[in-house]
Amino acid sequence: MSSLSPQEIVQKMMDHDAFSQWLGVHVLSVSAGECSIEMTVREEMVNGFRVAHGGITYSLADSALAFASNSRGRHALSIETAVSHTSPVSPGDHLVATARELQCGQRLARYEVTVQRNQKTVALFKGTVFKNDTPWT
Amino acid sequence: MSSLSPQEIVQKMMDHDAFSQWLGVHVLSVSAGECSIEMTVREEMVNGFRVAHGGITYSLADSALAFASNSRGRHALSIETAVSHTSPVSPGDHLVATARELQCGQRLARYEVTVQRNQKTVALFKGTVFKNDTPWT
Amino acid sequence: MSSLSPQEIVQKMMDHDAFSQWLGVHVLSVSAGECSIEMTVREEMVNGFRVAHGGITYSLADSALAFASNSRGRHALSIETAVSHTSPVSPGDHLVATARELQCGQRLARYEVTVQRNQKTVALFKGTVFKNDTPWT
Amino acid sequence: MSSLSPQEIVQKMMDHDAFSQWLGVHVLSVSAGECSIEMTVREEMVNGFRVAHGGITYSLADSALAFASNSRGRHALSIETAVSHTSPVSPGDHLVATARELQCGQRLARYEVTVQRNQKTVALFKGTVFKNDTPWT
């Protein structure tokens, strides 16, 4: 098993995660299998409709998935993810993504990530990860 | 119907799509319901494993979806998307995303986007869009 | 709006739903946007591994989706569904599927359906429906 | 590796697959990683709208996935599947499901299954399987 705590694993991941840094991701809370992170949407994140590009909310949710699943102690890689965009997001919006573990097996685990703005859901994300034998150290 | 050609619609979208510009997206080809775009992965796009963040390939595929579906002439919004990451992507990798229309109805349409590096698939993406009555002008 | 209550709509659907009847589906509870149903797996429902065919749990969850979404009063058609099979199911197992509304818009709505055996989750299902203007009468 | 040919594996699976038998599935062709099967929709397969229950086309596609993935020689279990219903299906309709391998790794593989009636697509299915070390013998 990992010699690191869930918080230490996520901190180590964030330190090398250049894209989450570009997004402005800030970790709110971490526990084994769970994670909550936040960011604020910027002008450079919009698409051709001048709302946040779908890739922005996806990326935030995918970071939450990575942190929540790796916090269990072994390296976990996302293999299948799906996202529903339920409400448009604009520059200036403050987003919170919360990952919850739905199922945790030996090799596979499933997570649900909800992305909210002012407690209103803007995206629903579901991800499956594959865990190999490499511990976080 | 739209007074713009598929190529003019995509050009107009790209002009306002700040995030696709940040990604370095370049349009290779457009026709009604189809689109092919490219980009090169940069160091600032990696995650905590130092490979491309899942959000990067997702975003590229999502832009291809947006361009292909809107090129039909009416505003189309992504409602459901799913992506499978099948091979890791690294800084310096040149990616090509190709969107193909699977089904085109009055309100809903489905697209498949394949993301490749040197003709090898690195991600498989599927998206459903909802088309409203607003034409591209 | 519909002149029928959520319970009356689901009863009317069940009366014509020959396949849910073949499955042995029994409605446990209905309210606007929510539904809980049950069934027991039979020998004729197994696959080549002699566990329940993936189509059985999918079908149960899809019926729960149909009942929950139509109970809102207008005809709703499933457009996108996804299911994760998280634990094998065997003949004799008693399954309960519970549909919960994640988001309810004018045209589109999203639901999550959890399928459980003895309160343990065996499948996670997510569905998106398209609502047309036809009321249930 | 398996001592059985792809055709022998699928025959062995079909022999025990009571639900595919109930559906009336007939195998059209099998090769390593690919499979094509057919069935005809019956009155007892309809839902509350008197069209084929979504579980019917899902089940047909899921059988095609199981046959195509197991034909590679090792036991493969479906872990994530998604289906888009693109056109309603009625009793009497003859359906053909064709599974194509999108990616084949050591542990995971992805397949696309297209369900057609008279060469017109009625459902698009995507599935991911996990392969364990048990060979088909």
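In order of appearance the chains are A, B, C and D, and numbering begins at 1 in each one.
The rule is short, and it goes like this: a contact is a pair of C-beta atoms (placed from the backbone, for glycine too) under 8 Å apart; a residue touches a chain by one contact, two chains touch by 3 or more.
These figures come from a predicted structure and were not determined experimentally.
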Of B-D and B-C, pair with higher C-beta contact tally
B-D
Name the chain whose C-alpha centroid is farthest from the C-alpha centroid of subunit A.
D
Whole-Å separation of chain centres (CA-atom averages), subunit B against subunit D
29
Counting in whole Å, what is the centre-to-centre distance of subunit B and subunit C, each centre being its mean C-alpha position?
33
Where subunit A touches two or more other chains at once, the residues are 79-80, 82, 84, 128
If every chain is a node and each touching pair gets an edge, what shape is that graph: line, ring, star, complete or other?
complete
Parts of subunit D lying in touch with subunit A, wherever the complex brings them together:
79-80, 82, 107-108, 128, 130
Listed in rising order, subunit B residues that touch subunit D in their complex are 82, 84, 86, 102-103, 105, 110, 121, 124, 126, 128
Across the complex, what residues on subunit B touch subunit A?
12-20, 22, 43-50, 52-56, 58-60, 62-63, 66, 70, 75, 77-85
